[in-house]
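Handing you this structure, nothing more for now.
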């Protein structure tokens, strides 16, 4: 059963476009791309890191803004412009002595399909491609960029009794380094 | 009863992300974050200030753009990068001789939870986290950034007969100082 | 009857935020505000001008980007940072020898209320404030910034047999002056 | 029957605003326009090019950002600021020895209407203008900028057994030229 499998999860792998973002880009006149992230996802990612879970990002995209956003949340293991998601995934579980059943992988589109057929616990947002839904063990009721990452992290941490935090952080992942900003 | 309690409200506390914004950020290639605000919220905030209500903003985020947007609307009491929302809230009600039951607090996510358990009248947008909804005395039918702030301000001002304004301002909160812009 | 009244329309007055835009602003770190316009509205505005209708914009906001966007579509009569919408409206109908029943006014929020009580044909988007809906003779099924301006222009031009255009323009209102951009 | 006609498709013509984008523009204070594209559309466009299909873009707009986005995906035949969509379409099918029934044209608004009456297989997004829906042989269930381009490309490639790709690319169409970005 899906919920039972969450007891042993130690790591999360996330795609970027369509998972951490809503799958669109806003393009400026100079060709720059803006991507939309959820603050609620950000809270869950920060808490998972604080609790000691591994978080790894694997994306075929090559956006510097994505890297800055995710590092601002404290994520260190970020792989962009990935040629082979399978190779990066395999290296990740080997380096961290993880078993397949200890890792959740959330992807949304065809470039995630080969690796999602290999991993122990493939999951996806509500608006994933049909091929991805077909191989997923859990389809979040929430779409990409709107909290699907929060949804799966929250489920894992709750079942492992690690969700409640008496001193929650509300850091927004910005790279501004001022400690206090009372105006 | 909730509506009866609105008769004595003198102050409003608002979180930013997910309350005054829709809970997402658009991220540029340089890592800058753009946030989405509602013009209808802006009208209500300006009117509440004009009517003499206290408005205070408490956010864990540290966005300079948020500060500029809210100051453009006339809000002076803005606390960003807040480590403890409880301390700021307590200082605020003490400095202004307010009782708990005279203050509305609108938050949407776990970082608001400790303080929302203390305040007299906790409320939230329609898309708040489940934990927040559970402690709220009113759940707005409107989601964050789409008018939930307007909804609660309008309810209070209407019940206190202060909503109608014969000379409404349509200032959009921009920081442009030109007085006339007829083109 | 509403549709019968459209036969005599010669002019359109539009508010900006919540009518020509979706009523939100995206705010950058430097406090700059971005607004969202509909391309379908743009097509209708260009066609109405081509057909000889008066188009006038009256807004309390003071966005330079709004002015540039609307001028790019060919609109010349743009009033921003308006202190009194009534004065501008009265001057407009006097200068152009228009009767009240020849003018449509589309607004969405309280700052439009005083003038909308005076005009001949007040209309609004589907997501207008309740006070505005109460005085409107037509509530578009479409919300602000999503085509409500197109909806009312299309209704007028169709009933006056001026909607069909054998050589439609697809100019997007950008201020780029290059005539050809084949890449 | 519509699906049978897809067997002979060799080329796709796409409008930009309302087809490849969601039909809105975000306007900055300096008048710059940002447009929203779907990453899922981007994947399908890249795959169609890899499979040897002709892709041509014809738009009345004149956005440099649109050109950069689409070239980043590998599209070479991009016509902006088009005065006559019919002339560009005719030149395209003549230069490439294509028959009308081998070409799909997806448009959404009146400027597409004259050419869509001529082409073999006119199609449109779910939110196209009524006039466009009336002449379309297929109305995608998906709206502009949200995957309607993916929908029609996927249908054609699947019926021609060219959709499955064992080595899918996840390039996001950005113009960053770094090959690896592991951080």
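Just so it is clear, A, B, C and D label the chains in written order, and each chain counts residues from 1 on its own.
The definition used in the following text is that a contact is a pair of C-beta atoms (placed from the backbone, for glycine too) under 8 Å apart; a residue touches a chain by one contact, two chains touch by 3 or more.
Please read all numbers here as calculations on a predicted model, not as lab measurements.
A.B. asks: Can you tell me which chain lies farthest from subunit B, using the average of the Cα atoms as each chain's centre?
C.D. replies: Of all chains, D has its centre farthest from that of subunit B.
A.B. asks: Which is it for copies subunit A and subunit B: same residues on both faces, with over half shared, or different residues?
C.D. replies: Here the answer is different, because the shared fraction of interface numbers falls below one half.
A.B. asks: What angle, rounded to the nearest 5°, describes the rotation that places the Cα atoms of subunit B on subunit C?
C.D. replies: With C-alpha atoms aligned, the rotation comes to 90 degrees.
A.B. asks: Centre to centre, by mean C-alpha position, how many angstrom separate subunit C and subunit D?
C.D. replies: Each chain's C-alpha centroid was found; their separation is 30 Å.
A.B. asks: How many angstrom lie between the CA centroids of subunit A and subunit C, rounded to a whole number?
C.D. replies: Here the centre of subunit C sits 42 Å away from the centre of subunit A.
A.B. asks: List, in ascending order, every residue of subunit D touching at least 2 other chains.
C.D. replies: Residues 26, 32-34, 63-64.
A.B. asks: Which subunit A residues qualify as touching subunit B in the complex?
C.D. replies: 22, 26, 32-40, 43, 63-66, 68-69, 72, 145-146, 165-166, 168-176, 178-183
A.B. asks: Which residues of subunit D touch subunit C in their complex?
C.D. replies: Counting only subunit D, the residues touching subunit C are 17-18, 21, 23-34, 59-64, 67, 71, 78-82, 85, 109-111, 113-114, 129.
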